[in-house]
Amino acid sequence: MRIIVCVKQVPDTTEIKINPETGTLIRDGVPSILNPDDANALEQALQIKDANPDTEVVVITMGPPQAKEMLQECIAMGADDAILLSDRALGGSDTWATSNAVAAGVKKVGDFDLIFAGRQAIDGDTAQVGPQMAEKLGIPQVTYVKDFTLEGDHVIVKRALEDGYEVLKVKLPCVLTAIKELNTPRYMSVPGILKAAKQEVKVWNAADIGVDLTTVGLKASPTNVFKSFTPKPKGAGIAVAGDTAKEKAENLVAALKEKHII
Amino acid sequence: MEFSYSREQQMVKKMLKEFAEKEIAPIAAEIDEKAIYPYDTIAKLSKLGLMGMPFPPEYGGAGTDYLTYIMAIEEISKVDASHGVIIQTHNALCCWPIFTYGTEEQKRKYLPDLLSGKKLGAFGLTEPNAGTDAAGTQTKAYLDGDEWVLNGSKIFISGGGIAEVYIIFAMTDKSKGTKGISAFIVEKSDVGFSVPKHENKMGIRGSIAAELVFEDCRIPKDRLLGQEGKGFKVAMTSLDVGRLGIAAQALGIAQGAFDETVKYMKQRKQFGKSLDKFQALSFEMASMKVRIDGARYILYDACNRRDRGLPATVPAAEAKLACSEAASYVVDKAVQFHGGYGYIKDYPVERMYRDQKITEIYEGTSEVMKMVMAGEIFK
Amino acid sequence: MKEFADYKNVWVFAEQRNGKLMNVALELVGEGHKLSREISEDTKVCAVLVGDKVEALKDELYAYGADAVYLLEDPLLGQYTTDGYAKVITDAINEYKPEIVLFGATHIGRDLAPRVAARLNTGLTADCTRLDVNVANYMDYLEANTTASLTGLDREDQSKGLKQTRPAFGGNLMATIITPNTRPQMATVRPGVMAKMEKAEGATGELVKVDVKLAASDINVEVLEVVKAAKEMVSLTDAKIICSGGRGLGGPEGFKLIEELAEAVGGVVGASRAAVDAGWIHPSHQVGQTGTTVKPEIYFACGISGAIQHLAGMQTSKIIIAINKDPECPMMKLADYAIEGDLKKVIPEIIALWNAQ
């Protein structure tokens, strides 16, 4: 079978700091990583391949040329093939336009049985491209997948809810979006790295995937960024005085009482 | 000379940094405290190809060059030197001699299990009365029909009792001095071979070192590794490879301790400012970095020579000397800059300080490294 | 900007599970009410109620401010499925043409809304924490809470486009998104952020029974089972007081102390991502960008240094009390009351004093 895994290269948001003077993001030196949920998506595909060695795992992303590095790392983890959708015409796409482009790329790969994606990327946190791509491909979706079993021509998955989960049965092909509870992603292996360093990452442009140029890129995107800014830092509070833990606790409770908070 | 990391090397470093931070860092203090061999993490590293990195895929190796392998040891040792030496001993001192001196049968028999990490390898040269001076080797072997019979003992053997396959050096002709030493492959299950005691070490306590005892230990004739009487060469050439690994281990410790100190100095405040704002300390950090970076270039150059097939005995000795001395300097300052916190086990520099010392001792002391270099200088 | 005269009213998805409205549905009614009045006097907030035999819920929606309830009922809608819900909602939107459609950013809302938006080929903004129609209100917000410049904005601007504000980059950055060229303007809204209206018992409104066209063959996913979590869900969103612990607890046993504190002050237990990732406590307790967003009356941050992603989920708490060894960490800077010290010593003292009251 052929499994396509949709991935994204993202800045490691846990490493992002704010310049306290200007209130702007410091992106310098922030490493780019494979989006965490996408690593879970890839791991699930690779586990299927472990169990059925004739499975082909193809990773696909849309992004700038630097995203090749992340795709190489996906190959080093065990993916068979990697495709980068890269074209100035695709730049600035919102989730709707991105899903048009990725769906076109997926169609060009063709002959797929299953598509995995991460639930959401940590830079935008939208969780929209997976379902929107499923819609563009006209196939069913299950989001928030935390458990997965392949059974012939369908899959049985657990979909996490805030207060429990659902068990769903879906026919192939379908789009599944993974959350971290699904599995623990593997590391790149040394033999995998040697293979990846030699393997060509395929780069497809908008013409290659035959996507309608009026449905991709900044201009075609139905949403626009109107303004972006950083939240104002909250004013400093007070350090509770006292020489001992007891004194500090007393001063805290007294202050809360005084302000009628308790 | 220009140096840049290849894409392969970048990925290996990235993978191991992640692995070391997620898998090794959380257990490093515990395996040190309790002297526990880290079976689980070594098994995981085996799966990732770390136990046979610089050997060809036809025997089950990963097929990297030495430089990439050395970077792997360095990366792991930044977080924990015990893991570093376990991988290094196995690769350089057991897999390498079998790969280099073994017959095709020996290679087919031992390498697949060793390189996949299914079995761990060890190396037994040092004895109570033969450390630096290998000619003093007292373990003896004689041929009795189709079997070699070994008698004697080895001490401070890394992986002793854990390893399945041992490269053991024994005198087959005492009268010839080092030319009477032969190398053998001994298996853990061989009758007459025992591991009576684990050493209680100062550092690298997660890497078990043990005494090995041979009492009429009988092994098949075809366990002789290389030619009879050529064991000293097997040992010395293996140590040439091993010293690169120990240099990498020392370098990793130095870098790890340095990084911990940078982190600490930014956060620790005295007299109303963080430690990095004190010039006496920050300037010393610059000096430490110079030593680390200098040692790294010497080491990478030595590896590069080996990869290109050039003589590498002297460069390997120089690299080990440079890296272990840099590490000695750095861990000392690292603990000093941590103040009282550097002396307690809550901070990893305390462990790094203890782990570092052995890098000036094993696989040839610093004095031996200087002997090797002096011999080249005044030849 | 295009004109969209055909599009009218604000729709909110009144998510219900097992015949019970989700809190966020009522929050959306409140927010939708506010937005509809900002657009014009005759703009209505309409709750879209989807399910099987859920009509009775309309009264609660009216009570919380809905002008109208659009009822989409069918036996096939008894259980949530992406296919079923997406089809009937898309059909209804095409028929009635609302100007704005809001969904709660729940696991269901975030599954459903993108599918609907893609089918309608309109824009969708995820996980909004603020919505504005009125430009002057939006400018007031920017001025009071952000570092944004107001250049290019005009208080007298009467345009009625929806300004959808949301955090990105783990809360490091905020962005306001607009949907200028397509309708409806769609957004998912983070639960716990918008305010419900005061409940008006006995309020009524218009009921629109939508003609639902749905066949079993439209649904490609079969729901085999719905399992409720065995443990009571930690209701962080509704809690008045939250006692959270982080890496500074030193280990899972530290949460015993946090539980005792929570019990003493009548709060629930929260946690930082570091504590959850370390496996010290179940992920359902996680507060922050990737966990639950909270705004309790009192937030205790014990041994939490205040990673940006954690701050993003709790910084609108009314009172923040931080206990930490490091007086310089971000949480101590943010806190209204910062106690420098060993939490293992300070917390028992607070418990004792609280109990002594």
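Letters are used for the chains, namely A, B and C, taken in the order the chains are written, and counting of residues starts over at 1 for each.
Operating definition for what follows: a contact is a pair of C-beta atoms (placed from the backbone, for glycine too) under 8 Å apart; a residue touches a chain by one contact, two chains touch by 3 or more.
Computed from a prediction, not measured in an experiment: that's the story for all the values here.
The minimum number of touch steps separating subunit A from subunit C is 1. The most distant chain from subunit A is B, comparing centres defined as mean Cα coordinates.
In terms of Cα centroid distance from the overall Cα mean, chain A ranks first.
Here the spacing of subunit A and subunit C, counted between their Cα centres, is 21 Å.
Look at where the CA atoms of subunit A average out and do the same for subunit B: the two points lie 40 Å apart.
Distance between subunit B and subunit C, defined via averaged C-alpha coordinates, is recorded as 55 Å. Residue positions of subunit B touching 2 or more other chains: there are none. Contact residues on subunit C toward subunit A in their complex (touch as defined above): 82-83, 86, 106-108, 110-111, 113-115, 117-119, 121-127, 142, 144-148, 163, 167-182, 220-229, 233, 283, 289-290, 297-298, 307-309, 315, 319-321, 327, 332-342, 345-346, 349-350, 352-354, 357. Touching subunit A in their complex are the following residues of subunit B: 6-8, 11-12, 14-15, 18-19, 47-50, 53, 57, 62-64, 72. Taken together, the subunit A residues at the contact with subunit C in this complex read 11, 13-14, 16-18, 23, 25, 94-96, 99, 122-132, 134-136, 139-144, 156, 159-171, 174, 181, 221-234, 236-240, 245-246, 248-250, 252-253, 255-256, 261-262. Contacts from subunit A toward subunit B in the complex involve residues 72-73, 76, 187-194, 196-197.
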